[in-house]
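Listed below are the structures to be examined.
In the two complexes that follow, subunit A is the common piece, with subunit B as its partner first and subunit C second.
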Partner chain A sequence: MTLVGSDGPAPPALAPAPVASVVDLRVHFRSKAGIVHAVDGVSFDIADGETLGLVGETGCGKSVTARSFLRLVPMPPGIQAGGSILFRPHRTCETCSGNGCAVCHESGRVPDACATCEGAGCETCAGSGYLTVDLLEIPEQDLRTIRGNRIAMIFQDPGKALNPALSIRDQLAEVFYQHRSAELLAAAAIDGEAGGPAGTLIRRKAALRSRLLEDALLSLPPLRARRNKLRAAADDRIVAALAETQIPNPRKVMDRYPHELSGGMRQRVMIAQALACDPDLLIADEPTTALDVTVQARILELVRELQSRHRTSVLYISHDLSLVRRVCDRVAVMYAGRIAEVAPAEQIFSDPSHPYTRGLLAAIPATSHERGRLVAISGTVPELINPTPACRFAGRCPFEAPVCRALEPEPKPTRDGHQVACFIHHPPRDAADGVPTFDRQVR
Partner chain B sequence: MQIRDYIIRRLMVLPLLVVGVSIIVFALTRIGGSPIGIYLSHEMSQEEVAELEERFHLDDPVPVQYFYWASGVLRGDLGWSGVAAAPVTDVFLPKLAATMELAVSSAIVAVVLGIALGTFAGARRNRLPDHLTRVFSISGAAMPLFWFAILLLIVFWVYLGWFPIGRSDPDLWARIDHPTNLYTVDSLIAGDFGAFRDAVWHLTLPAVTLGYGATAIIARMMRSSLVEELQEDYVDAARAKGLPERLVLRRHARRNALIPTVTVIGLSFGFLLQGSVVAEIIFQWPGLGRWMADSVLRGDQATIMAYVLFTSVLFLVVNLAVDVAYAYLDRRVVLGE
Partner chain C sequence: MRRVGELIGALLKNPTTVAGLTFIILLLGMAILAPLLTEPNTPDAYQMPRDWGAIAVPPGSPGHILGTTNVGGDVLYGVIWGARTSLRLSVIVVSLTVVVGVTVGSIAGFRGGRIDEILMRIVDVFLSIPELIFALAIAAVLGPSFRNIILALAVVFWVKYARIMRAQIIHVKENEYVDAARVIGDSPWRIYLKDVLPNSITPVVVQATLDMGNIVLVGATLSFIGLSEAGIAEWGVLVSEGQAGISAGRWWASTFPGLMVFLWALGFNLFGDGLRDILDPRTESSR
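Entry: the complex of A and B
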């Protein structure tokens, strides 16, 4: 059995597995002053179809975590110091052709079965029975088939993330040519198996492999018609992708250059580009930070709508808690390269457990605060150069106890779906005294 | 605005610029001395000098003299070259062809090699290929042209005897017709590969001399702007799309890195023309540069004016080409007009 769902019901071993799991990720940077532990033992899961928010202040390692998914952290100066990012690529559900049915749990997508154990659960698939790849380990070539195809990314500033020298059409077409070249050839009614130099040329063109001279040949009469058909096929897909992000007049926008579009339009183009291949996981790295507040709301709405339509899992990175509350199912709070707390979005806001999360929430300006006064967490973020084992929040924490300076708290579950890395909730066994409690302090 | 409209607009301004340039050229050469200086000698009487002045309209006001000259230029009459002992127009074209053959072949090599080297080095920043390219290009930019030329001459002509000097083997030159006066092109038209080989043979040393400096400058510029572009977000975004590194470099980073490089390429064309004077003298290349050097030394004003006017117009055209290339690479230029 190679295809899940095509041979009757899935075996019991195939319980839903997270689409991606970050396990003890460590990314360090070499600097003149020493090794900066930018991400230092981060673990979290992204369940299929959920939106996970990753929040934290600037420099806490959230962007580095996100970029690690696609190995976009430059090495050097970056060092992959350990951990893994397990990813389970999906494909369109055959039973419902992506419309959502019982087999695929209404998601329209099914994960591929593990090639080693054929769904029984083994070491390579971390016992899930699904095809599992470690994004940090797979060869560059395999990673490229995942980038932009199964995992896509939206960047913070669409003005910078779009190439100023290429038209919107050129930039979106690349995604289709790179990942959907066979489908494009089929849509253009070009025989993908056609022999002879002409067949080879057009196939190379469709796979972005053609060189300058080949392009010149393809622009000459006998081959030109075929090239134009291929282009038209790509154009149709580009228009469809743009239309989905509610860009007015996509056929016109296609011929524009990034500088001719507004910030909101550019971000829509980025989103269209990211969702072009219907990815399993969308990484949104502060997608609204560079935009006007009025545009922010609309982009946010769009991401949420597209997410529910495509049932894509989203890793939403932000420093803005109020935004995260509106889009995310679960929230992971990062502080100084570590996870402080993971919880369902509502719980984070109604019942924060980690002192840092509390501080963050208290710092959100609210109408109830006295006018002109802003609440801040006292102290500053620690230096991350060669840190000693201690709670990273020690020194700024109002509940600090001696143990916080001696040991490093690990995230552990407190109640349903809630994990906290704090000794208040998980007193270390051998240090019974000197454990911080909320009770000793006035809240 | 479309790029086509942009080019048309720029072309329409070109004649005005040429007129402006010609006035400056005329004024500057006039400051440099009397145009009949080359014909005068101590034995001539006052009357003879006055007669010459009248014949060349030197007794008229300077603006009128300009019109005489300008209308001559328009009719294709650039005056008489004392150095070549022939009308400037007759000598100019063959010599221009020789210089162009040299300058253009150096330019092609410099542009192709410079961009390739710069890309190669920039994509491998601070690794061995980058350091080697740096050594190559800094020595190219720092070495005086005349010294490098003499060095090549001594090593490859005097000692090794691998390459000849001059422009051609006289027998082979006489064997074919010369419709364009570009030896390489003429030999290809004639289908004479022996002559073609001879043409390339003779071209190599002066072209290398001339091209090295320009290659070095272009490679440096390309390398540094590529390094800068590779840090941009759109490069990561291109990688995030799943493009192979080859395409990230070629379709994304290099295209943008070419924008500043194109300016340098335009400027280096001036460097090539300037260098051609030295290269032509050292390698006995019968081009404009050598003729020009002789003319300056002997005060042959008609030739000087023709040469300066020509180079100025050439610069205007190169400048236009650079701007068009710029607009093609960076659409914001067209919009900003």
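Entry: the complex of A and C
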């Protein structure tokens, strides 16, 4: 299966499809006390080119959701209890070569056409006409061609996410060899189709398939020159990637080891690695939490700038609401393994709909307000072991009604374009059985 | 690796490792230069030459600087060629055990689950029997020969490496850079080679250094008991040959080879200890 740059027919100018859709994702964990429903029916879309913030407190399932994209949740103890993550690989729009036109809805990227129906819309692509892969279903082998290539990830602590035994050059070269070996061979002016043992050897080297003995052969004079050309081609790309993240003196930094760099620099290296193959989706798992506040600001700025240049979609995981407000287009608030509210970033702050979101916002200290007591949400996060069908926020919610303990609210659109999972906004249809209807104005 | 230079610097600054290294270099020099230091015995240089005309002569006798044993073996020849025997023994056993131990430990640690359970229970069985007794039993069953000593020691010593390697791998594979490697699309084998193995091999290197000494010690013990073929130029055999003469005041045949075993074990233990102090991850952050 090739997911990269397949030469299918140009897709028709359909409506822009979300680059990824999470549908009813359920990830559970086996524990001694029972099955923990860490993620329990989460659904959301990430539109092409947008930054979606996934916010929630520790243990609400936001990291598990993000890690599920690349199947990084260890199983066991994790259990894939259902749902799917649909991903649509994109490529640069041919009509405008990435500059933005009507065909690509000004985004510069178009999704690959569905291989089965060639854009007509069929079952495999959920009627969209676009190549759609379920990241939870595809074989590991195929997933590897997506990881680091179409979907990349940056981690919380760059100090831990870089191998201490490898130089920066080796860390970055890995991505290019892994996903761009054909381009490297071309750039090094090595005939990628060349037959004979020499051609095979250098191709294997470029694709990271060479073994110890082959490496030894490649370091000997007749093949050495070719290997060095290949290395030089990789180096050029590494330098360009590092320079893009505004690392000064990339040629020198390249030969450093992670422990010789500052936290901010390490995170820049991580970002360079993540964006090396120009992915469609970047998953940022609290990328600035481990950094100083001043460095944080610069890294954030960098992520935003690179995102707008590469037109990459970003899934930004954070527990820091004020930070999310600065970075994200839309925000999804998670609580106890479920989505509480999804809304445009500004609206989440100006007009929060879910009682949990309101509680969170009330708990943020703000300098613009008068001094007063910060409001805390009373109660504690519920146990996620074998939960009963009920609103997860029931028990802590100031607007709780009997129905909240009897039924589970689903996220549904409200008038102002939010998706909210709360009976205040979506009173149960059947009010005849004594279930009270809520008043939208309850505050 | 860039760290090699740093490592050598640290090793030369530490008095313990310098002392250990001195002994090791002297003994290894002796082993390597053995054919130049003494005329090799024919047909087999590893067999002690017998001078039946000079039985149990004291050190300083003409032609026998360190004296002879009570069967006419030249002690100096035994000491020098014994170093070669010891080097052969320790290198073969250490490389065998490291390869087997690292492989088993890696499979157990990296795969986990049932394979891990099974492999580690086997290792536990091996570990439950005391080293020397176990080696003794195997060597005794196989019959007295130097090759069987090598075999017995290999069977006994690999389990430690399996244990160490497994523990290291379980620890290392939890690191975020392993997840990061998966995220860029690396295969499990690639991750093992690039991320897990290089970051978990250090304690194995330290243990191998220590074992270079221990194996000679245990090997000499087995030879001393008589599990090696008679007449071989080996320190344990030599000590054993000289043993009968000690009460009669003929100390030299046992003392010199005994001293060699002591220096060999001491050298590698000092060096290994120093190496551990330098490579220990807990002290690494202070560099």
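Here is the rule we use: the second predicted complex is superposed on the first by the 403 of 443 C-alpha atoms of A that agree within 3 Å, B and C clash if a C-alpha of one lies under 4 Å from a C-alpha of the other, contacts with A are read in each partner's own complex, and residues count from 1 in each chain.
In this text, a contact is a pair of C-beta atoms (placed from the backbone, for glycine too) under 8 Å apart; a residue touches a chain by one contact, two chains touch by 3 or more.
A quick note: this is a predicted structure, and the numbers were derived from the prediction, not measured.
Subunit B and subunit C, once both complexes are superposed via subunit A, clash. In the superposed model, A:Pro248 lies in contact with neither subunit B nor subunit C. Legend: residue contacts after superposition of the two complexes on their common chain; A:Gln178 is shown touching both subunit B and subunit C. Within the superposed three-chain model, A:Pro222 lies out of touch with both subunit B and subunit C [touch as defined at top].
By the touch criterion stated above, A:Pro139 is placed in contact with neither subunit B nor subunit C. Within the superposed three-chain model, A:Pro389 lies out of touch with both subunit B and subunit C [touch as defined at top]. Counting contacts as defined above, subunit A residues 70, 72, 144-149, 152-153, 155-157, 160-166, 174-175, 178-179, 208, 257, 270, 273 meet subunit B in one complex and subunit C in the other.
Taken together, the subunit A residues at the contact with subunit B in this complex read 67, 70, 72, 140, 144-149, 152-153, 155-157, 160-166, 174-175, 178-179, 208, 257, 259-260, 270, 273. Taken together, the subunit B residues at the contact with subunit A in this complex read 232-234, 236-245, 247, 251-252, 255-256, 259, 329-332, 335.
Within the complex formed with subunit A, the subunit C residues making contact are 2, 175-177, 179-187, 190, 194-195, 198-199. Residues 70, 72, 144-149, 152-153, 155-157, 160-167, 174-175, 178-179, 208, 257, 270, 273 of subunit A touch subunit C in their complex.
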